[in-house]
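What follows is a pair of complexes built around subunit A, which joins subunit B in one and subunit C in the other.
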Partner chain A sequence: MNAGFQLYLATLVVYFAVYAIAAMGLSIQYSYAGVVNLAFIVFQAAGAYTAAVLTLGPDTRIAGFQTYILGYELPFPIPLIAAAAVGALLSSVVGVIALKKLRRDYQAMAFLVLSVIATDLVTNLKGLFNGQAGLALIPSPLQNELGLSYGDYHWAYAIYAVVLTALVYGVCRWLGNSPLGVSWRATRDNETSAAALGKNVARVRLSAMAVGGALAGLSGAVLVQFITVWEPNSWLFPETFVLFTSLIVGGLGNSKGVLLGVLAVPILLLQGPSFLPEFGRTGLVDSLEWVIVGLVTLVFLWFRPKGLLPERPRRLDKYRSKGLQALLRPRLNRDVGGPPA
Partner chain B sequence: MSTLLPAIGFGLVTAALLAIAAVGFTLQFGITNVLNLSYGSVLTVGAFIAYLLAIRGVNIWLALVAAGAGGAVISMALNRLIFAPFARRGAGLFGMIIVTVSVQLVIEYGLQAAFGVNFMSFPGIDQGPTIHVLGMVFTELQLIIVGIAVVAMIIIHLILQYTRLGMAMRATATNPSLARNAGVPTKRIIDATWLLSGALCGISGVTLVLGIQSFDFTIGQKFLITIIASAVLGGIGQPYGAMLGALTVALAGSIVANYTSSAYNEVTAFVILIAVLLVRPQGILSEVATAKEVVT
Partner chain C sequence: MIGVSPQPTATVGEKHGLLRVDSLSRSYGGVKAVVDLSFDVPASGITGLIGPNGAGKSTALGIVAGDIRQSSGRVTFDGRDISDYASHRRAQLGLVRTFQMSGEFGKLTVLENLITAVPTVGESVSGALLRRPAWRTALDAVIARALELLDRFDMANKTDTWASDLSGGQKRLVEIMRGLMASPKLLLLDEPMAGVNPELRKRIETHLLELRDDGLPMLMIEHELSVVERCCGHVIVMARGLKLAEGTMADHRANEAVRSAYLA
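What follows is the complex of A and B.
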């Protein structure tokens, strides 16, 4: 293997990790809480911009090169955490506005519009994140401290991204089986019943928005610190749809399916054509890729709506949640009079 | 003061463009409950049909009619071949949204694959002499566009109020199963709805390009935001509301753009949309704000 190909492989691994983290976030919002967040990519962008302006240092350093807000130079894990926090915070704000009041198909509409307008705003408010030109020279974490060669650093970053993905995977599985996860699925499957059982449906959805938003922000930070540039064209509306397609292809409501979907759609389908010999004029392959993403989604929705790895129906007794156990167990005398714990 | 009146004039022209598309969108959404996010791509197809005819020397007004017919046929075909079968399979409101976005991607990037990313404009369009009205400046072409919009709105009004088709459409929008039981052939009414909204969509694609003079494959998707804002502002399923909504969105957009920058035209539409969704999600004229089932 030559060095160029090795570098490309490492890049693919990082892309896989970024898409996987983001898709798991979207999965929580869409498959668990039933929120059609067509603006998901905006929260990834928010995380990416946060990580960028917290590592770039003041914009006066190279005079007139680029302008942006904040401009701090914070050490390694802080920008990452801040990116996740910003993603969660923005998602919550949008969630409070969109989820509480709106009829559910209007929500999708509001999200679509948000996605387009966020691009508009960032492009036009040049002082915010350098407008259309975007940010460049974003530092990668610990690049100087580790003292690795260019190629080795890429592999180190790939490993770090995969470790993060594994962590997120674990957290998502744990959350999915936790009482919160049960509430998410209950709300998705039957909103009225969940509400009747005392679940605050709006708050349950909001928590899914926040967790999903945090993962979106995190994925943005991991991506931007690797590719070191970020501009409005990096997060156009169709990018959100790639994540939806991954969920639909892989299978809704389970993290293994999400990983499989990410491997199939953004990696194989969207990166694969770069192995094919060039054909047509420039840009033709890119256009056709999007056509294929649309077609694949339709085909899967028609022939295999539950995806490659369908969500398994769960049995109640598998849950170790105290609330449910209390509901299932015959009441003891001391429990009488109070609500189930 | 000197720039405000021309801005209002520009807003009125935009309102005319917008009204055609918004009325089509709201009719179709109100009757079928399919949130059709591929509406913008049908609009783009309309623009491309007219463009392909115009560069072959066809008169632009004939091309406009062809775009309307093309939009109508494509819309109905999309519903018959894709949306309705998916809805019958039990894709709910959300599933349908994903389906329509998929269709949008396929059409839009299919057009990009075929025509590239270049900006195009209709050949040999004469803007005509400028005409001053009350301090506002219009070109002859702009006034013709406004005229087309007004005629289209009057035709829609006549169809809805005075024909059996219009009555049946309003009945289906209010209560599809009751309409069916009362003998309304809802299937045919749904077809007619998609035809009508597709025709308006195709026509608006051409008038939009005549208004802004150049376009590429993203034109419909960009315009969709303002279309949705107008339709929601007016109340989904309310054609007169959509006309009013288009007027409000377009005027507000061009006035804001006049005082800030043209980039904020779209942003204004967005702010209006969010405000309406929060304060009065049922819109100006509508009574209904609860989700319904998809009707095929």
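What follows is the complex of A and C.
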């Protein structure tokens, strides 16, 4: 295997991790809590910009090269944590505005509009994150400290990204099986009934927005510290649809389905066209990506709306614990006529 | 007593009735759905709410539960003015409702439908992440209670079934059980037997009578008058948004105005 291909593979692994972390965040918002957040990519971008301006150092270093706010040089993993926090905070603020008064379909529209406005703002407010040109030379974490070769560092980063993904997967499973996870799904299925049982629907959804936003921010930081550049074109609103397609293909509400969907859509399907020989006018092959995303979404919604790994009932066994066994024992004993425990 | 734990009510509630509705009105454009409606629901027994279609019964129940905002009037529950409370706050106080159209959580199992009705520490992000031992213990107790309730309602074999896969009648039972899990002080039932087969209807009635005898007060909209006769000591009759009469079913059968408006 030549070095170039190895580098490509490591990049694919990092991309998989980034998409997986983001898709798990979107899954909590959409598959669990029923929030159609069409601005999801904005929160990934917020995380990416946060990590960038907290590691780049002052913008006066190379005079006139790029301008941006803050400009700190904080050590790993502070920028990562800050990116997740900014994602969560921004999501919560947007959630308070969008979720409280609007019905679900209008919420989706509000989010889509937000996505477009956010891109316009960052593009035109040049002092914020260097406008259309975007940020470059964003440092990768511990690159000098580790002293690895270029190729080895790529693989080290890939492993680090996969470990983060595994951690996020564990946390999402943990949350999904908690009372909060059940509340998320209850408000998704019937918000009127949920309110009639005492659930503050807006607050339940807001918590999903915050968790999803944190994961979006985290994914942005992991991505930007790897690719070292970030500009408004990196997070145009159709990017959110790639994540939605991943969820639809993988299976809404199934944690393994999220990973499978990410493997199938942004990694396998969207990488496919880059192996095609260039034909037609310049950029035609690249734009085929969006055609594929659209077609795959339609095909799945039509023929297999439940996705490759459909959501399954969480059976009692999932909730079984030693404590529950002890509580149930007297009942079982009574049922079979044995002495009470 | 399994699954039902009516909370003690304040003395004010006992004196004036657990629920008091005062001069409630609600209009939709020019249509007056509820007009100057006042009644009390006592802290025991099943209170019936009957009347022809379009009488305003469901609107009245919706206003009491906080799903519909009144145009004017007040709702007092357990001695507290709850007229401006959102529905989830009313439920937290123990005013729990079921719906005319089934309001199950479709992609939650029957067990999950029941356990989600009970608030626990693990319902916030920090609680779910950091206080796992606490919510595990709480959840264990809630699940044990839910399983007992499922046994009592002969639904144990549906524990792991998605609520969307149940029959209409079974969904009703899930809704009633879910309401009970929320430890209501007053259960509001909107036509609990509508669209249910006769056999299951009988079962629901038996369960409601058991709950009544266990001391759970209920306010029930029902069209089947024989059910109302058997279950409800106190019955309110509505027609065209107005309260027509209050009393026992025997009183109403002797009342000419009620007979001509509804019973004829």
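Going forward, the second predicted complex is superposed on the first by the 309 of 341 C-alpha atoms of A that agree within 3 Å, B and C clash if a C-alpha of one lies under 4 Å from a C-alpha of the other, contacts with A are read in each partner's own complex, and residues count from 1 in each chain.
As a working rule, a residue touches a chain if its C-beta (ideal position, glycine included) is under 8 Å from a C-beta of that chain, and two chains touch if they have at least 3 such contacts.
Bear in mind that the values here come from a model prediction, so they are computed numbers and not experimental data.
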| item | value |
| --- | --- |
| First (subunit B), second (subunit C), both or neither touched by A:313 | second |
| Touching partner for A:108 - first (subunit B), second (subunit C), both, neither | first |
| Touched partner set for A:293, first subunit B, second subunit C, both or neither | first |
| Which of subunit B and subunit C A:211 touches, first, second, both or neither | second |
| Partner chain in contact with A:60 - subunit B first, subunit C second, else both or neither | neither |
| Which superposed partner A:244 touches (first subunit B, second subunit C, both, neither) | first |
| First (subunit B), second (subunit C), both or neither touched by A:201 | second |
| Partner subunit A, residues of subunit C touching it in the complex | 65, 67, 86-89, 91-92, 96-97, 99, 103-109, 111-113, 115-117, 119-125, 127-129, 132, 135-141, 143-144, 147-148, 159-162, 175, 178-179, 182 |
| Contacting residues of subunit B [partner subunit A, same complex] | 33, 35, 37, 82, 85-86, 89, 91, 93-95, 97-99, 101-106, 108-110, 112-113, 116-117, 221-222, 225, 228-229, 232, 261, 263-264, 266-267, 270, 273-274, 277-278, 281, 289-291 |
| Contact set on subunit A toward subunit B in their complex | 34, 36, 38, 97-98, 101-106, 108-110, 112-114, 116-117, 120-121, 123-124, 237-238, 241, 244, 248, 281, 283-284, 287-291, 293-295, 297-298, 301-302, 305 |
| For the subunit A and subunit C complex, residues of the former touching the latter | 171, 174-175, 178-183, 185-186, 188-190, 192-201, 204, 207, 210-211, 253, 311, 313-316, 319, 321, 323-324, 327-328, 331 |
